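Quick one: the structure is below, and I'll ask about it shortly.
As written, the chain order gives the labels A, B, C and D, with residue 1 at the start of each chain.
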Amino acid sequence: MTRLRDLGISIGRLPIGRFNAITDVGGVLVGHTTVIADSPATVRTGVTMIVPRNNDIWTNYAFCGWHSFNGNGEMTGIPWIEESGMLGSPVGITNTHQVGLVRVTLVRNGVEAGVEGFHLPVVAETYDGWLSDIDSFSLTESDVRAAVATASGGEVAEGNVGGGTGMICHEFKGGIGTSSRVVDQAMHTYTVGVLVQANYGSRTDLRVDGVPVGRVISYDQVPAPWPAREPGGSIIVVVATDAPILSDQCRRLARRATVGLARVGGVGHNGSGDIFFAFATGNDLEAGQANPYELRMLPHEHLDDLFAAVAEATEEAILNALCAAQTMTGFQGRTAYALPLEQMVETVQRHRA
Amino acid sequence: MTRLRDLGISIGRLPIGRFNAITDVGGVLVGHTTVIADSPATVRTGVTMIVPRNNDIWTNYAFCGWHSFNGNGEMTGIPWIEESGMLGSPVGITNTHQVGLVRVTLVRNGVEAGVEGFHLPVVAETYDGWLSDIDSFSLTESDVRAAVATASGGEVAEGNVGGGTGMICHEFKGGIGTSSRVVDQAMHTYTVGVLVQANYGSRTDLRVDGVPVGRVISYDQVPAPWPAREPGGSIIVVVATDAPILSDQCRRLARRATVGLARVGGVGHNGSGDIFFAFATGNDLEAGQANPYELRMLPHEHLDDLFAAVAEATEEAILNALCAAQTMTGFQGRTAYALPLEQMVETVQRHRA
Amino acid sequence: MTRLRDLGISIGRLPIGRFNAITDVGGVLVGHTTVIADSPATVRTGVTMIVPRNNDIWTNYAFCGWHSFNGNGEMTGIPWIEESGMLGSPVGITNTHQVGLVRVTLVRNGVEAGVEGFHLPVVAETYDGWLSDIDSFSLTESDVRAAVATASGGEVAEGNVGGGTGMICHEFKGGIGTSSRVVDQAMHTYTVGVLVQANYGSRTDLRVDGVPVGRVISYDQVPAPWPAREPGGSIIVVVATDAPILSDQCRRLARRATVGLARVGGVGHNGSGDIFFAFATGNDLEAGQANPYELRMLPHEHLDDLFAAVAEATEEAILNALCAAQTMTGFQGRTAYALPLEQMVETVQRHRA
Amino acid sequence: MTRLRDLGISIGRLPIGRFNAITDVGGVLVGHTTVIADSPATVRTGVTMIVPRNNDIWTNYAFCGWHSFNGNGEMTGIPWIEESGMLGSPVGITNTHQVGLVRVTLVRNGVEAGVEGFHLPVVAETYDGWLSDIDSFSLTESDVRAAVATASGGEVAEGNVGGGTGMICHEFKGGIGTSSRVVDQAMHTYTVGVLVQANYGSRTDLRVDGVPVGRVISYDQVPAPWPAREPGGSIIVVVATDAPILSDQCRRLARRATVGLARVGGVGHNGSGDIFFAFATGNDLEAGQANPYELRMLPHEHLDDLFAAVAEATEEAILNALCAAQTMTGFQGRTAYALPLEQMVETVQRHRA
């Protein structure tokens, strides 16, 4: 698995965390289930789980917020997220038609964990119907359970894995990518991690650190994945931080994913579900507490580096997805080709000379 | 099945449609699947489908809008509704844990109908876990399919049916209710229909046409359904109209459901998902159209009677749910008692004398 | 000045604060400047200031939130309120055309108070152009300064005062009204105060504690203020509390003003600017702080009584405005008549018997 | 006045309109009043007016929508814009403290134009207090009137003019900029125009067509305008189009200004009011119409080029502001230096080689 920094390219000015991954935020685990099969249906799909607080999120909520840059997609759980500013479940990412299955499995997880009452889990999606027979509904409940059960910290697999398995980004093979940044603020050190499921964009718009790489990779050289532009596309961005910020501030962070996306070349096409979600673990919000929570809140004036961190980590996470993803042939014999890394690097270096 | 008007009580000043139901809006169909079983699990649940445009909604969209008065609940499909202002699926209502199943079944419906691309159906819920073993996940895909397949115009069953089967409202047995109003505006006649799944509220707050009926029905007389107040509660309100209004105007209508709810006694308790959805069939929005749509739009200044219609029909729909619902015993032997209609009527008449 | 409780009618179940006014929330001051003149223009206008934290709000912010039930009106300051969830100025209420003047004067106040940087004060309005020559722009900067300078705690003048001077409500003379509630929650006592500038509604919709009083007061008996319905109308509701709640929770409180409004008879007419604003002083948010704020937050599950408090206090504040307001003749000889209190009381008592 | 294209640099792939200005949208006029004085106060301020429909906007509304990328700023008129999706006044842009004055003057304009009822004009701002004595409140009512009266089509002055007079962008002299794009869609030709008042950003983040120009211009070479970073900053983006789109679609266009901003180097600093407003003149919405409006609506699927147009024109408008602006010395002898154009061009060309 190649990452952008392995190629000598880094994004922005802020330092990265240990794994340059969303798991650099303490307690955030990531699990993938990848489903690749050629019969009975041709399937290139999966599910990715972001599990905050070492899976104690069911009873120790986290402040959160979302932003829809272009809402041609789905994310469940929105009414309560918007009302309460709190997250009470892992966050699942899968394909468009499997959202229902992932949601019901997360509800079962919550029930089995002995959490009383009802569950409003957060599940988002992008469309993998070009490389995968999406109408086969191939993901199973045990696939979803496995993504939660195997979620772990440390390094995160990228590219053709989990929910990102069948995704296409800027007309190259896309998928899962992640990155992180470390910010010093008011004598504290905070980490911001980002994970994307990248499945959007036109080749001509692709930029790597500002260099218009997409314009120099011709379709003769690297064929397009499709004869004409497809419906769909989309990108889900999940932002995590350990900073002590509140829900409005999570919303502010979520909106900054737009900056990273725009820098890589996203414009929010009509068919794209560009939905961003941010959560913050810097405060404990125990379920069922009788007394007022004791909280800390970073003043708004101290958020600029966190904003920059989201922008940089989003930009790099998308590029990591493109670097890690490998050429894939799937449904109806269609092929999405990997971004030609040597050519990309050579183009960037030439511009920088 | 008793309705409020059968008891000599009517709400508001506007005339009702033929069936005093959401189906008075042309092309709007309603289907219920009711699931009542005592083994293997004790189940009192179901699903209700509101199917616009005689089920052509998959390819002839409708302008729509939503409002969350209190978002402790779920409704899928929000990002696209908010982005586009358009509805492209039936609207399903079920219990909290069955949202995923209903969503996936509607997606399958769309696929089988030959609609290309992806589907972002709208599914909402309220919590029936007091009378039904919600963690048994008893609804099946065929139950959901049946609700769509049997959806029809004309009279609508109310009370303990469909998604409303196990619901409790103002501490009496609740469920599904509907009502409609007819409005003359600028030489046209428009119909507004409302359907509610009512599962919220305290007895003490219940008012019937302004009369504080809830305060005069003691717990000695009619026991409470629970020893102490439950988590949950919620009300879903679906508003339909044939008026030629746009998405912003649908949002305005959706917000007016708050007025009807408040008049009956809702205050939007923290645990309540009070989510309102409105759609308008007065313009055709054919999928895949190459040229600009030709539309009509009622000027904002002409909406006041439509606003009043939503308020009145919501108020009456909730009361219809209470009138139609019958005493039910369910999960763990718990009983929710029907509103004592004679006492209710007598109280209202006494106040009016 | 008559208040509803002086007439033997009280709203709801929760106890009131000492003054039954928004000033029962510690540190909240109210100032009115009333401008009544017959030349050079016929003017019935003014401005009301709600000044939190004894006017330290410029440097010790308060969490806040807003809700627009029907946005045919103006409130300045919205982008920062929505972004930050914080209030940093007094809240002014005046007529529609004087918003600019009140805003600029508050900016000057901030500058003179030595607060560095820029100011984004909150100013809202309703339309008094039926009784006052609104196009005379008669309010002066010194009028606005006086409202701030004379703001005080304790009893609050109601009816034809301040911003409410020329207002009309349910086709009776309207204006300023206030009320409060005291809530015990988790071993703490919190106060919720509401102040309204009431200028909306049809007579036929007016209800007093659920009794349809408006329907029994004929136009023969008490003439309408106008030959036909006017454009405009509107109600501004300001909610204050000393509870330690955050911005999302203030938004929740703001939305509950809808319940109080609906119970009195508001439906949010198209021409109405029904805009609600809530702030909470239970946490200190000192400007320019280098370290994270230390905060307390009432868990969402403990908000139901605060919600009820907002609904009840809003309902009663509107009715207090109607009780206190007195018949006024103004611009072009038009007259708005006071609500006939004896008849109102008699009607309510008859229904309750 | 130099423009980016005069220097051989153009942005994006879409063709520009005749004047490469917001005035390429038929009927859109722009007027500036520039106020530069050294006594009694040192003032570098002004106001810019965008006047749609040749100033018939008071009685022939336009669909519109707004987006706040970072709301540390002011824009009046939001509640009605959000409620109705319609604009009914010119759009003024000035400094933070003059919003009230501009609002009241526009109200007077509306009154004098004989428009009945009330006015809710749209006025936005950025902060010019570094170069101008903002607390002198130097703009006058006649300045505002002049900006409306002199508004015209055709070429638009850029840089240190109108509301942009005292602005600073990416630590160079900023101000007003504009650009346009022409889009062919479904056999129609539509124009998208953008005007910005640019006053945000760090030098290090500045990119010109993706090239990190800001990093190569040292503070030794071109001094910073301030010893340390200032509060404030902000950018107002106004988008106009003649395409027949509705309010939701205007909101979609407004959000795309984020893409142009991000490409130039904006991240939405905490102190920045990054507020975007879009309106569309492709449908007529006559005030007081009794019958439904007859409208046309471009299907959502046909918006991608309009989205790209907003992104490109916003990027170029900001760069035009930087190219046109000239070094200015103002309040307390402070100087903001113009972007060194030769060095900028040389840097861009070197990267492209």
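Points worth noting:
In this text, contacts are C-beta pairs under 8 Å (C-beta built on N, C-alpha and C of every residue); 3 or more make two chains touch, one makes a residue touch a chain.
As the structure is a computational prediction, the values presented were derived from the model and not from experiment.
Ranked by distance of CA centroids from subunit D, the top chain is B. In the contact between subunit B and subunit D, the residue numbers used by both copies make up over half of all numbers at that interface. Once the centre of each chain is set as its mean CA position, subunit A and subunit B turn out to be 35 Å apart. Per-chain Cα centroids separate subunit A from subunit C by 44 Å.
Spacing of subunit A relative to subunit D, judged by their CA centroids, is 33 angstrom.
The set of subunit C residues that touch two or more partner chains comprises 70, 83-84, 252, 300-301. Within the complex, the subunit D residues that touch subunit A are 13, 69-70, 204, 207, 210-212, 252, 255-256, 258-259, 261-263, 266-271, 300-304, 307-308, 311, 351-352. Against subunit B, in their complex, subunit D makes its touches with residues 83-86, 186-188, 244, 246-248, 252, 285, 288-301.
Those residues of subunit C lying in contact with subunit D across their complex are 68, 70-84, 96-105, 107-108, 111, 116-120, 127, 129, 134-135, 137, 231-232, 273, 275.
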